[in-house]
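A, B, C, D, E, F and G label the chains in the order they appear, each numbered from 1.
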Amino acid sequence: MITFFLFVGLFLCFLMCFSLYRAVVGPTVLDRLVGTNAIGSKTVVLLLLIGCIYQRVEMFVDIALAYALLNFIAVLAASRYFHKRRGLYEESPFE
Amino acid sequence: MKRIGLIVVILCGAVLLYATRDFPAWGDPASPASTHVSPHYIEHALQETEVPNLVTAVLADYRSYDTMFETLVIFGAGVACFLLLRSFGARRREGWYVRHIPTGVVIHFRKRPRIPHSRFFERLDTEWVPHDLIIMTICRILLPFIQLFSLYVVAHGDFSPGGGFQGGVMFGASLVLMAISFDLRTALSRVGERILALLAFLGVVLYGGIGVLCMLLGGEFLDYSELAKILPVHAEEARALGMIGVEVGVGIAVTAVMAVIYVNIASAGRHDEGL
Amino acid sequence: MEQLLQEIVAKYNYWLYIILMMIGLYAIISKNNLIKKLVGMNIFQTAIILFFISISYKEQATIPIIRNAHGPGHVSPEAIQATAYMNPLPHVLMLTAIVVSVATFGVALAIAVKVYGEYETLEEDEIRTRIREKIK
Amino acid sequence: MIILNALVILFLGTGLVFFLGGAVGIIRMPDFYSRLHPVGKLDTLGIMAMVTGLALYNLGHFSWETLLVSLKMMLIVFFVFLSSPTATHSIVDAGIRAGLNPWSKSRKD
Amino acid sequence: MLEHIPVLLILAPLLAAFLVTGLAWIQSAYCLPLALAGLLGSLLASIAALHQVMAQGALSYEMASWPPPVGIELRIDLFNSLVLVVVSAVSLINLVASWEFIKREFEDRKETFLALYLLFVTGLLGVTATADLFNLYVLLEITSLSAYALIAMGPSSRAPLASLHYVYLGVIGASFYLLGVGYLYIMTGSLNMGDIASLLPAIWSSQTVLVGFVFCLVGVWIKMAFFPMHIWLPNAYTYASMTASRVLAPLMTKVMVYVMIRLMLTVFGAQYIFRVLDLGPVIVWLAVLAIVAGAVMALVQRNLVKMLCYIIVSEIGYMVGGAWMGNQAGMTGSILHLINDALMTFAVFLAAGNFAFKLGELRLENLRDLFARMPLSSAGFVLAGMSIVGIPPTCGFFSKWYLISGGLQAGQHAYVAALLLSSLINAILFMRVVEYAYFGEVRTGHGHHGGHAHGGEMDEAPVAMVACLLLVVASLVLVGLYSESIVSGMIQPFLVRSFV
Amino acid sequence: MDPVVSVRPLLAVLVSLAVVPVLLSSGGRPNVREAWTILAGLIKFGLIVSLVPGVLAGREFSLTLFSFAPGADIALRVDGLGLVFALVASFLWMVTSLYSIGYMRGLAEHSQTRFYCFFAVALSSTIGAAFAANLLTLYLFYEILSLSTYPLVTHHQDEEARKSGRKYLAYILGTSIGLVLPAMILSYNVAGTLEFSQAGIFGAGISPAMATVLLLVFLFGFAKAAIVPLHAWLPAAMVAPTPVSALLHAVAVVKVGAFSIVRVMTGIFGFDLLGSFHLGYPVAIIASVTIILGSLIALSQDELKRRLAFSTVSQLSYIVLGVALLTPYGAMGGILHIVMHALGKITLFFCAGAIMVATGKKYISEMAGIGKRMPLTMGAFFVGSLSIIGLPPCGGFISKWYLALGTLQKQSPLLLGVILTSSFLNAVYFLPIVYKAFFHGPSGGKGAFSVTKEPLMCVVPLLLTAAGSVVLFFWPQLFIDLIEIGLR
Amino acid sequence: MHWQIDLFILTLVIVCALAAINVRDLLGAAVLFGAYSFLMCLLWAIMGAVDVAFTEASVGAGVSTVFFVAAVFQTTRRSKD
């Protein structure tokens, strides 16, 4: 079962690459925000999975819970920025 | 600058790589780091302090002096942000904006308006401040949970990951969330600047006070086992209790300071509606 | 070659932390934007934290919270093996280091806000030209 | 036990599928509003399925403590259900405020 | 209470800092007395510690009563008790001297400033007293953090930028130090200085120890503004509020020099550094570079404070060079110069502060006829300058004596030459100021009897400022005249084990 | 020599320092200020005179103030040589104070309080240097003297004065920090002490090469002695008011330089060591070059004070030359020359100042016929010239006599020739001035002198010193005895 | 035991770090910085440093990024590199 969790975790990590792709490539800040949000949600699950792999999930659940509670604050703050500051210039990464 | 940076970086990297060759392998249980001092913590901490979370035990007892200064760093950061940014002078403003909440209409006054104090009107500083019912409602639901959970994290730090700092940051984050979902002025009207300062002060004084109390009771500074003289517990439990007390102090201070830093950065020290 | 590969695999954490740290250091030194430098600074600090956490890791060991410390069937203090738990000391140090880095980050941001208030820009070269203009 | 494990695997598998969908969506969707769909919905669902699976797995050695932990996990699901749509909502709001136009087939990016 | 002295001297300003923040909202009138009481307590405690150390050897304080490698230890020996006295005395005197400044520059926030100032002092005292490498880092960060803020609050519009640059380099420095500590930890598993010192000889040949040492050293160098890493210092100290630079300039860099010497002698041991590594010649050459570069850069400055800052850079070179000379005389000179330079720099900055209080910006052209306006402050400035140049009987001469002696013994003639050159350049620098301040054109021509009737009425800085300046200047001469007892009573007994 | 611990040397040093605050506080009242100055001078002279009988009886007064390192304390010790120098300096301070009153008031100079204060400090350090028991103390007072005379040199505060001040400090501080300090520390590292002793401090622990280098470094390092390549500050410093030039550049500053060299050669190296390494001769050659060059340059100067300055450059090296002969007579002559030259040269400077006050003339070419208007002054000038040239009945003759004896003892006709040549040159550049002053009328109508009265306060001191110069020709025995004790 | 995940996340961390310092928009940098801190948190958790992971989680998600955004809000988003 542990091995299974390990592979599930690896797969999640693999999926995280896609979200990270979006976060890195953009093109707008909001896209990055979406990507980051997706990474955050996967992180919650991964944390629990790691707990299961360590077989100490009771120690990890608090972290995951904290994550679930706090994850959206940054997103709210960033979107709040757009509420108050107009303009959204597009830019391509790595120049 | 770029080239200098690159040279420095490559030089540093090379030196570090050079040193890595002598390292014990990653995860080697027989490495000096794992065999010299740390076994004492692992094997004796539970016995000596009755705290199963070794990190908390080391943090708040064996190296409590460090942790006191860690709290102090945070405290100093709060004081520094206040000192740096806080401006008491009023900003020059072009007119007054007031929103009628039920309709969402923003009214622009040239001169200072005389508006009855009611919950239907809201003072604004800029043309538009989001007034999002969904976000406000959800946050209103979530806030107590976050705060409750952060208290749990502080209190349960002896048995599971967490402790004063983490709990404090979460509580601080809840205040930040309040400021983001409503606006800064609303949040500040709930938890004012004075209260935050008082909390920060209380937190560090709690930590330092416990330390000094131990000293007054005849032990060394921060030697919680001396608390057994005034608490009806034996020395090991006194250590655990002392740790909790200290963690609470850290939590209070961190909460306040996080809020102070956010408030000052988000409004550039003006304490208006902010971000 | 084989040996080198083995060495790399055995210490890859240490290698990668160096890369991360160099990224951070490069950003601090070479970036033109003041806040970018702060990002680099944070990366730099996390790299060091990574290094310390890597020290604390032990094969076949669990997180440094004693299992079954209390309650029924609790473990006797003598039975605790040092090899069974990870080294808690670096964790403690790094908790402090994180706190320090957050505090520094906050203060640095506050200073950056002040700098922006002074020059209306965060680019170092632009600030430098502003200063030169002001002197003239 | 086997049944439980099978259930867990099922849940985790479902979650992974959701996440996969989300990941593909986030890559493939043409614009920001449409990308929010996979993130907002599928990821939330994925979290729900996977956390539920893990909570079930945790209940394998049943005791009050494990039950408590599983309850906490379900609490995570609850909070994610609250917070994730809020976040999505606020992002969309931000996009609109920022003046980002939705993608349409007629206009090629 | 006597056994708690090591911790009391740190706690006194710490508690004062707490209480000042608390009181700031309630009754701000008590803040200054409270801060002064805290610093005075710390001064008294450090004097008591010095006394005890001289009577019965090093004091060790086991924090929370855990024995050293497990817990944190405070250790006060002859060397750092001396530094502690200097730190607490300088910070106390500076607060007395600068209160008028604080009132002027931070009207509504002076209590906050005070709290930060106290935190800064606490950090410095803690850095000096601790015997734990990581604890040193934490305290260093407190010091730096408050220093960042103190600098950024400067009245000049360039202060925040200077401070931000300091933040970047300061963080790199502290992180390098931390990294070095990590390298030591990975090889020894301990953080206590004494413990590491006992474990190290077995692994002297390890590259990791070497690199750890180098990183600790480079980190400390950045913090102390050793030559190529000095770029943050001049701007930061020049644009900072005078109160801050008056305490930063004498203490911050000197305490870092203390840390360097502590690392060299207590942690790694002279044996490792001078026999096993033999880095001495290289670093002495770096020091030569630092001395010359600092002096030359000082020469081109037109701002008095900036000029003084570059002199600090050059002085750092003296101390680093002396410490790396590899013989007892050089190390003695370095330690003595650490004390002396703290006092000298303090005196000279106090005087500069007095000038700034009346004149505002301290460009050299602004200093015309200063002597007539502020005779006492100017006299203090000249005496402090003499000390920096190294004119006997001020203390600067005596530490230079040891430094040169060490240089000659080690055959480092370049170092000696650089030191003399920089002394000469310092002489030129101060003479230039003196020329501006004392011997400007006689405006009214001949025909005046009596002394200083030219260039306007006498307009001296507030009494507290002048009194503090004169006190410190007097101490410059006294420390100089009694340097023999400092050397033979404290420094040499401390060094006797290191250089056999 | 039996050592006696006594505070009298310290008091002698401190008297003039102690009077500084009094001077400062009496800034507005010139009479009070100058009364104090003269009073301090009297006390100082009295204290120093009170030491004479003891020293003549073979006692050695000493006092250790602060210990710094073994053998390098800050300590005072009175021996014959120091006492000779101190006697001259303190006596001349009194006279100069008197003279300054006339001069400074006569010219209505500004910042007179500052002038008197730094004058007093300079005198303190001169006496300190004279009484220094070891090289460290000597160096200490040497440096204080350099710094305290800077304000005097820059007194006029115009561009020229500042430039001269810069030059002065550059030479003096530059050499003392750049050369003397390392040489001193090196000596200490080699010998382990810096205490002056007749046998020298090095013993066998020094190689000839190192000794040579050290000696040369000391020789040039004490740039106040104005050995040739480093003499340029002295003429430049003549922008100072004349009392300053008189006392400091004929007595205190330059003599401290020469005295330091004497101390180093007698007390640090010792004649035995110098003799065994044959180091006397090179030093003598260097001194000879300075003597001849100084005289030659003096010939070409038209400004009176500059001519006197170059004359000083030349005469100072007599002292060095005398000691470098390494013979008893030579050393006697050299040290005696400190006294004799001081009295002679100060007379000359006083005269130059008096002329300046009375007529405002600075250039020799303008002084034709002045002797008729200022007979006393020019008479004293004549006496002073005779003393410098070394003709009886003036003190200069005695010292030059001893010097010549020294060269004969050394059997060095070359050096004898140098002394004779230089004396001849002295005559050439001094006597025409006197001749013109008395026997030429003012050239043309515009040269008429506007002031006829010689200021009393200026004339009295210069007559005193001129008389002193003559007196010393007849009764030099006290100084000879003291020097003999000092060299024993 | 689970070095695979460790290595994977480390790689992602490095990518994220590179992106955060190269993106030409400070708000984007802030967001990526948040992602970086999530990944770091995971890394600590994998290496068994739960307390550190918790701290990173609360700091990174709760305050650090928000401070960053707030500072960007008060200054500017523009960055030339």
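Operating definition for what follows: a residue touches a chain if its C-beta (ideal position, glycine included) is under 8 Å from a C-beta of that chain, and two chains touch if they have at least 3 such contacts.
Values in this document were obtained by computation on a predicted structure and should not be read as measured data.
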Chain labels contacting chain B and also chain E: C
Taking each chain's C-alpha mean as its centre, the one farthest from chain E: D
Chain nearest the overall C-alpha centroid of the shown protein atoms: E
Chain pair showing more contacts of the two, B-D and A-G: A-G
Whole-Å gap between the CA centroids of chain A and chain E: 47
Centre-to-centre distance between chain E and chain D (centres being mean Cα positions), rounded to whole Å: 57
Separation of chain C from chain F, taking each centre as the mean of its C-alpha atoms, in whole Å: 70
Whole-Å gap between the CA centroids of chain D and chain G: 21
Chain A, residues touching no fewer than two other chains: 33, 35, 54, 58-60, 62-63, 65-66, 69-71, 73, 76-78, 80-81, 83-84
Multi-chain contact sites of chain D, meaning residues that touch two or more partners: 79, 83, 86, 90, 93, 97
Per-residue multi-chain contacts in chain F, two or more chains: none
Touch relationships between chains, expressed as pairs: A-B, A-C, A-D, A-G, B-C, B-D, B-E, B-G, C-E, C-G, E-F
Chain D residues touching chain B - in the complex, by the definition given at the top: 79, 82-83, 86, 89-90, 93, 97
Residues of chain E defined as touching chain C within the complex: 134, 137-138, 141, 144-145, 148-149, 152, 157-158, 160-161, 163-164, 167-168, 171-172, 175, 178-179, 182, 185-186, 191
Contacting residues of chain E [partner chain B, same complex]: 4, 7, 11, 14-15, 18, 21-22, 24-25, 61-66, 69-72, 106, 108-109, 112-113, 115-116, 119, 122-123, 126, 132, 134-135, 138-139, 141-142, 145-146, 148-149, 152-153, 160, 183, 185-191, 195, 199, 206-208, 210-212, 214
Chain C partner contacts - residues on chain B that touch it in the complex: 1-2, 4-6, 8-10, 12-13, 16-17, 20-21, 23, 25-29, 31, 33-35, 37-39, 41-47, 52-55, 57-59, 63, 66-67, 70, 73-74, 76-77, 80-81, 84-85, 159-161, 165, 261, 264-265, 268
Interface residues, chain B side, partner chain G - complex: 53, 55-56, 59, 153, 161-163, 165-166, 169-170, 172-173, 176, 180, 258, 261-262, 265-268, 274-275
